[in-house]
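Same chain, two partners: subunit A is paired with subunit B first, then with subunit C.
Take a look at the complex of A and B:
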């Protein structure tokens, strides 16, 4: 079964990629001076003790006197058993802090991702069907505007207009609102809107251009000659082949927005999600938490690419699974 | 006939049509123009013809003569805009050129089916061939999926796809060019159309496969009792298949007649020039000197005047000549030499291959 083998091979490759990334992360940390050691040394010097001895003691306590390969194995074990250490700043395990972040991030990320996946291709297809009409120009203008404006800046403008001036939406995010409540929907409207406009542009453009190619394909003439209605022709005969190139853009684009823009948007709207947690960890030099967030984002990116590879292969029947 | 009439009623219509000598298809003054950046391009200019039930009519002419556009204008497969189609298309007693897009969709694929030139691109690469045939069936008939599937497999088997039930779930790229064209024919026959429009269906195939496909079409025509409107530039194919022949040049009909008249008594200098290109008529394979006139600004008079060896000053004046009787009642030619003031003698004497002594 070629497809199954292909998926297994891709998954194994994804695991290998995470392994390489974890190793690089470990080396970077091992090479960098540990702030805790210099802090211990400073502390000792201030209190009249021996800074060298204090530094050594601290290093021993943290296991830094062990040879590099032992520390590497310990580190690997920690990463793959989800023992990601203690967040000093938040006074809780790193994994727990990240889970709390995911809880809030998912509440707005899932809606905007779904909206983008549904609206983007449909608007792109509509644009292609009405190419160079005012409808197409309107949709294209919208796509480019959303694409061009930095998300955090757009978010600030929206907060200023709709929350501060018009008072239509709450200014601050209330984390205690139940997930499935009107209050929660209300307070997530603006962040979801910002992220949809930011991510939909590229997807609309790709679906417009790809479907523009397919709507003039010979098989569309066949479909018309068979008596297929225009709606059915677009929804099936154009949309289906468009999904193949679109799938690559879709996953990539969503990942970019998820990993990059979410962080800034969360800060603007005061959502205590993954982005906010990462930002605070950076400000407070909370090494374990930064590391944990980095690893999490890395895994999400690797998973996204894995999904993209598999979806692409399944969508295009002409791709052979053998010898890959 | 209305959009929701049953097959029986349609057959009855066809039967009465035959009794009253009404052709299956009667195209009147069909004109198709395209708005382009260089002005209006007239691809088909005031073309009329008829197809009787069960008959094979070939439209022949060189590339760019408007053959394909003419056939695709019948059921308005041509996109409008940029295309603009005028004229009347009487199919089984109804002017389908005047009916709604919705009614026309019933005719397309249901009663008039198409097979196109390039089978490589004529099918959607993302759907299995079975899915595409089932779609053709279920758009026109309210049959369950399983029954449609069964019929699709029968059709695949009939057109010569080996192991049809297994190949039903294969994608187009898993078929060879000839097999794809067989699948396209199966798809066209899915609803037993009365008229099959075959637009150079063998041009993209290699020679051995070409003759197989032509044989298949001839067999199926008898089985399904359908008329075929066949577009080609290949005179060999015309000789093999046609009952009636229409010779087109630069969007105009130059000559029409039975296959016998066209090959044995070609009367238009253009038809003669076309036949003259065939090796068995003494052609050296050089083609007809000159090029087609500019379709956005056709010259006055006869469209073929610039390439014609019998040209006289009158040829370049007025409209394109109207069709005049040539040798038989149903054999007409659009050439002023056949008019009351013309002398067609030299043209008749120049008939290519008249010294062949066999055929």
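Take a look at the complex of A and C:
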């Protein structure tokens, strides 16, 4: 199997996975009573109307009186044509609400991802080059602590120290700040710092341990004998084989934090991004928006895994395409 | 290291079965391959200790009413109300508590007992493990959390509201009187000083922070033990079966694992929470049901590499059946790496629970660290201990699990030492 065929097959599989997850989501929703219906019934009862009739009307309005398979096909069509419905709470289409969220989420996610990708492997390599020295211990200890401390707790502490006590950073996020302005950089320093410390640990450890293996490899000895400068030797000869196992950790780690912790970091710092929107939708029982956010996060996860696998294969020519 | 060789030899002789047998004699009873449904000592322990717990759990589920305390009812059913009352036995465990106890029994039977049985290897592991000082400290810390989680609720009462004692500072700390409603300790220069009555201070509702942290340990340990057990059972079964069936079955099972792995569990749990509502039990179930992917993959690759070993071929030639090989040789040989892997996934579950509790959408019926952090958020500028005490406990616990996993990896896998030793 050639590389192209592998990528095609892998992409097809990713589409199949989203299909399966969408189906599971549909079943979850279809098998549960819709909170909007019971809400309509309660409201009708409170206003002296007939609750059963109101419930029926609501169900009809939402197309819930149709047989299951038709609803399923409708649902699939809606999901894949990006017609994700209307967000009652925000009074705008779900896709529009999510796009607004992405706008704010991207503002801290992009710098955070770039910084993690740059700093993580460099610190790891540095640690490996100075293995068992105090510099190594310091870097490892820092990485470990940053990795183990719950992000939301760390964020709270940083807000307490730097925003409340020292008054160095603003307490609340100002969504109207232009993207490329000092004000925006200033207010995003803390969230980006929290997320970088959270994601750097695992990456630093993997790159340190993996590169330790290549440090004393024959090709490094050759490079040294030929007089290659240490910087060049590490940057070119150790970095490349290290990147292969690292790519898995890298994407995985960033995804884990993106899908879990960034939600809370947004809430702590008051950033109106995707996480905040999802949380508000949850509190306000905005079914369409919750569904949309879940699907969006699922698609991002599946895409991430796809990218990870493809990068992995391209980086390591030894992997045969037949077995994964 | 001299002298150890001798003691190992002596242990070997004793291990063969006590009597003064010569080293080259073998008691074949010790090595007999039991049939598929034979009763191993581990199974015996599980049945002996686990059955009463299961029965009690079923009794609690089906006989005891919603508002009755299990042991009070049990006392009256058995006609032992008198003795129960004098002993103060009036506990009311829930189904999660029973599951927790059962998993502890499983751990004793399948981790503790084998370690005790193979004393020589255990001592070797311990020697290797001891060299890693942070790991020993981690083990002590987790031991404290475990003991606190199991015994704490019996010794320390559930924290209660006491509005007269809101925002009490921890011992040796003080708080401006403006923030408190009353002061339990002494008052000097307009500041309220902490007392030993509330060693870690109190929260906004006057609940003792120390008691809340101890009660949070129970939840933490329940999550750690129950999820680990479920993940281990599904992951090991899935991984070994997939490795041994091979071909199409393997392909399908591993693709299925891919789906499980790429599931954004946290976000998906929010959806489930929204549609169905969910308590701690549901949380454990959902996260365990989607958390075994990495374990299964790992076990599969381990099982594949071990099944290539010469000794497996020898056993196969001797006529052992595939289930016997898997159960008696493949799983025990992968056990060490499975334990490491499991230790390293527990922090993820603890973190997820804390995050949900922090969002205020976790199980509100049980006191958890995340809830306490969330409760202290609004008063963090003048009463930081409400956030700091549970936060640092959570941080140290997650750290301890990571250190422990690393150390176990080093202890049981000397080859990996060069890679992971710090």
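The rule is short, and it goes like this: the second predicted complex is superposed on the first by the 316 of 324 C-alpha atoms of A that agree within 3 Å, B and C clash if a C-alpha of one lies under 4 Å from a C-alpha of the other, contacts with A are read in each partner's own complex, and residues count from 1 in each chain.
FYI, a contact is a pair of C-beta atoms (placed from the backbone, for glycine too) under 8 Å apart; a residue touches a chain by one contact, two chains touch by 3 or more.
Computed from a predicted model, the values in this text were never measured in an experiment.
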Clash or fit, subunit B versus subunit C on superposed subunit A: fit
First (subunit B), second (subunit C), both or neither touched by A:142: neither
First, second, both or neither for A:72, with subunit B first and subunit C second: neither
Subunit B versus subunit C as contact partner of A:223, first or second or both or neither: first
Centroid geometry (CA): angle subunit B/subunit A/subunit C, rounded to a multiple of 10 degrees: 80
Touched partner set for A:103, first subunit B, second subunit C, both or neither: neither
Which superposed partner A:316 touches (first subunit B, second subunit C, both, neither): first
Partner chain in contact with A:241 - subunit B first, subunit C second, else both or neither: first
Partner contacting more residues of subunit A (subunit B vs subunit C): C
Which superposed partner A:17 touches (first subunit B, second subunit C, both, neither): second
Partner chain(s) touched by A:209 [first = subunit B, second = subunit C, both, neither]: second
Smallest separation of CA atoms, subunit C relative to subunit B, angstrom: 12
Those residues of subunit A which subunit B touches in one complex and subunit C touches in the other: none
Subunit A residues within the subunit C interface of the complex: 13, 17, 20-21, 25, 28-29, 32, 35, 132, 136-137, 140, 144-145, 147-150, 152-153, 156-157, 159-160, 164-165, 209-210, 212-213, 256, 259-261, 263-264, 267, 278-279, 282, 285, 287, 290-291, 293-294, 297-298, 300-302, 304-305
In the complex, subunit A residues that touch subunit B: 217-219, 221-229, 237, 240-241, 244, 315-318
Partner subunit A, residues of subunit C touching it in the complex: 255, 258-259, 261-264, 266-268, 270-276, 347-348, 351-352, 354-355, 358-359, 361, 373, 377, 380-381, 384, 387-388, 391, 394-395, 398-399, 402-403, 418-420, 422
Touching residues (chain side subunit B, partner subunit A) in the complex: 72, 75, 77, 105-110, 113-114, 116, 118, 121-127, 135-136, 139-140, 171, 173, 184, 187
